[in-house]
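Letters A, B, C and D mark the chains in the order given here, with residues in each chain numbered from 1 onward.
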Amino acid sequence: MIEHSTTVRVRYRDTDKMGVVYHSVYLEFFETGRTEMLRDLGLSNAELESRGVMLPLVEYSARLRRPARYDDLLNVESTLRLPVAARMTIDYRVLCGDELLVSGQTVHAFTTVDGMKPIRPPREFLEMVEKAASSLR
Amino acid sequence: MIEHSTTVRVRYRDTDKMGVVYHSVYLEFFETGRTEMLRDLGLSNAELESRGVMLPLVEYSARLRRPARYDDLLNVESTLRLPVAARMTIDYRVLCGDELLVSGQTVHAFTTVDGMKPIRPPREFLEMVEKAASSLR
Amino acid sequence: MIEHSTTVRVRYRDTDKMGVVYHSVYLEFFETGRTEMLRDLGLSNAELESRGVMLPLVEYSARLRRPARYDDLLNVESTLRLPVAARMTIDYRVLCGDELLVSGQTVHAFTTVDGMKPIRPPREFLEMVEKAASSLR
Amino acid sequence: MIEHSTTVRVRYRDTDKMGVVYHSVYLEFFETGRTEMLRDLGLSNAELESRGVMLPLVEYSARLRRPARYDDLLNVESTLRLPVAARMTIDYRVLCGDELLVSGQTVHAFTTVDGMKPIRPPREFLEMVEKAASSLR
């Protein structure tokens, strides 16, 4: 597996009248974690799209253990499950300091950019992921 | 179980550069479905809070089968699972015409309004739900 | 001028930890007001785009007098200034009951759909607006 | 005046189907700019609220010159107008590289935290701003 960590700051816009982060916003934090992890692997969205690949989200889930609050500086840990097969699965953990607040998961399909037709994960994609995983061992 | 249906219109704000509804927005559509279902049961948020009860979301999941698009008029079907126990579970289906686009689920805890301490579902709440279910049989 | 009124319900997602609607969300309410007004004029976005026209927003402003709150059922009044010239200007008033909460304005350019190049307002567009205005006199 | 600069990365969630940043999202970028500027002045929201002060937004405006796009790394320049009087005014410029994309402004009132009653800007607040301004001269 490939692990990555990034930080996000909770804004007013992310909170609701309960005083905590609105539940759907964790998916936006997951987006930031996933995007930065893929960028680190050399797989920025621009790079992927230039190769004709998109990774639309087909499933997601989250478990909210404790609420994140305004101005918290959160750690988003993203983990790419290996090997990547027909689908790509990423697990997330959102922490404030040492405390685990939220865990979740997104599942992605591989499609063409034009028309979003399902495709198999491109060999180049798998090789870059494999290379990244090797360098971490 | 108790079923309810409401409509939402997809706005520009709900879409992303892929031209489809951004995945986290379905949770906002679920919120509208859930709120209107509970309102119909006589359990608006104002009513619940006046009785000292909150229903914070503790888990959610969704499966995205087909994308919703700008200006679609969507049907959000919400189904409350009965009986309600320590947790309240609601299932959702988002349709455009006859086509199922997204299915999902949210799980809610019962807490106090002040301090959000866990409580058992209040007897009044369960009675109102039970009464609503009976009138549907 | 052409006037139109529609309603929006304040969701949890629209509020922030101050307990009121987050300020940028009024622009989303303006979007709903504007879209429904144009739809009533026979100028839905689909209709406009099929004619090769887009109306990107180039300026906006708002004045927040009193806060809207969770679950408020708001009235969004949209007013199209006539005649429409190189730019289209729409004024908005957001009310809760009789109380004016927010006023604002958006200014739109006319562009092509492909490449978003500036164009003059199409004659057909102006005629439909003029016809709508006449029928209101 | 006091100037501050911070960066924000455009996410999928910030774009719409036109392929550009949705217009209301610039207000969220302004929030990040403003919050980080005030934090640098020793005036984080937590600090302000502990002194019983809130800064609700009462007016805003923006002019969109060129669109920001997905994955752009934007510079948000915030400028606090001095002296701060009954209202606090902040100007913003959003740039991508050297190119000015958006300019805007927010105006804030001073209120109590409890009940959000209007107050005069607290002497401590003005002194901290004045001290920060002096150190920049």
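As a working rule, a residue touches a chain if its C-beta (ideal position, glycine included) is under 8 Å from a C-beta of that chain, and two chains touch if they have at least 3 such contacts.
None of these values were measured; they are calculated from a predicted model.
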*asked:* Taking each chain's centre as the mean of its C-alpha atoms, which one ends up farthest from the centre of subunit B?
replied: D
*Comparing A-C against C-D, which pair counts more contacting C-beta pairs?*
C-D
*Separation of mean Cα positions, subunit C and subunit B [Å, integer]*: 28
*Take the average of all CA coordinates in subunit A, do the same for subunit C, and state the distance between these two points in whole angstrom.*
35
_Between subunit C and subunit D, centroid-to-centroid distance (C-alpha), Å_ = 25
*asked:* Multi-chain contacts only, two chains or more: what residues does subunit C have there?
replied: 12-13, 18, 24, 28, 70
*What part of subunit A is in contact with subunit D in the complex they form?*
9, 11-13, 28, 31-32, 35, 44-46, 70-71
*Considering the complex alone, what residue numbers of subunit A touch subunit B?*
18, 23-25, 27-28, 54, 56-65, 67, 116
*Enumerate the contact residues on subunit B facing subunit D in the complex.*
12-13, 15-20, 22, 24, 70
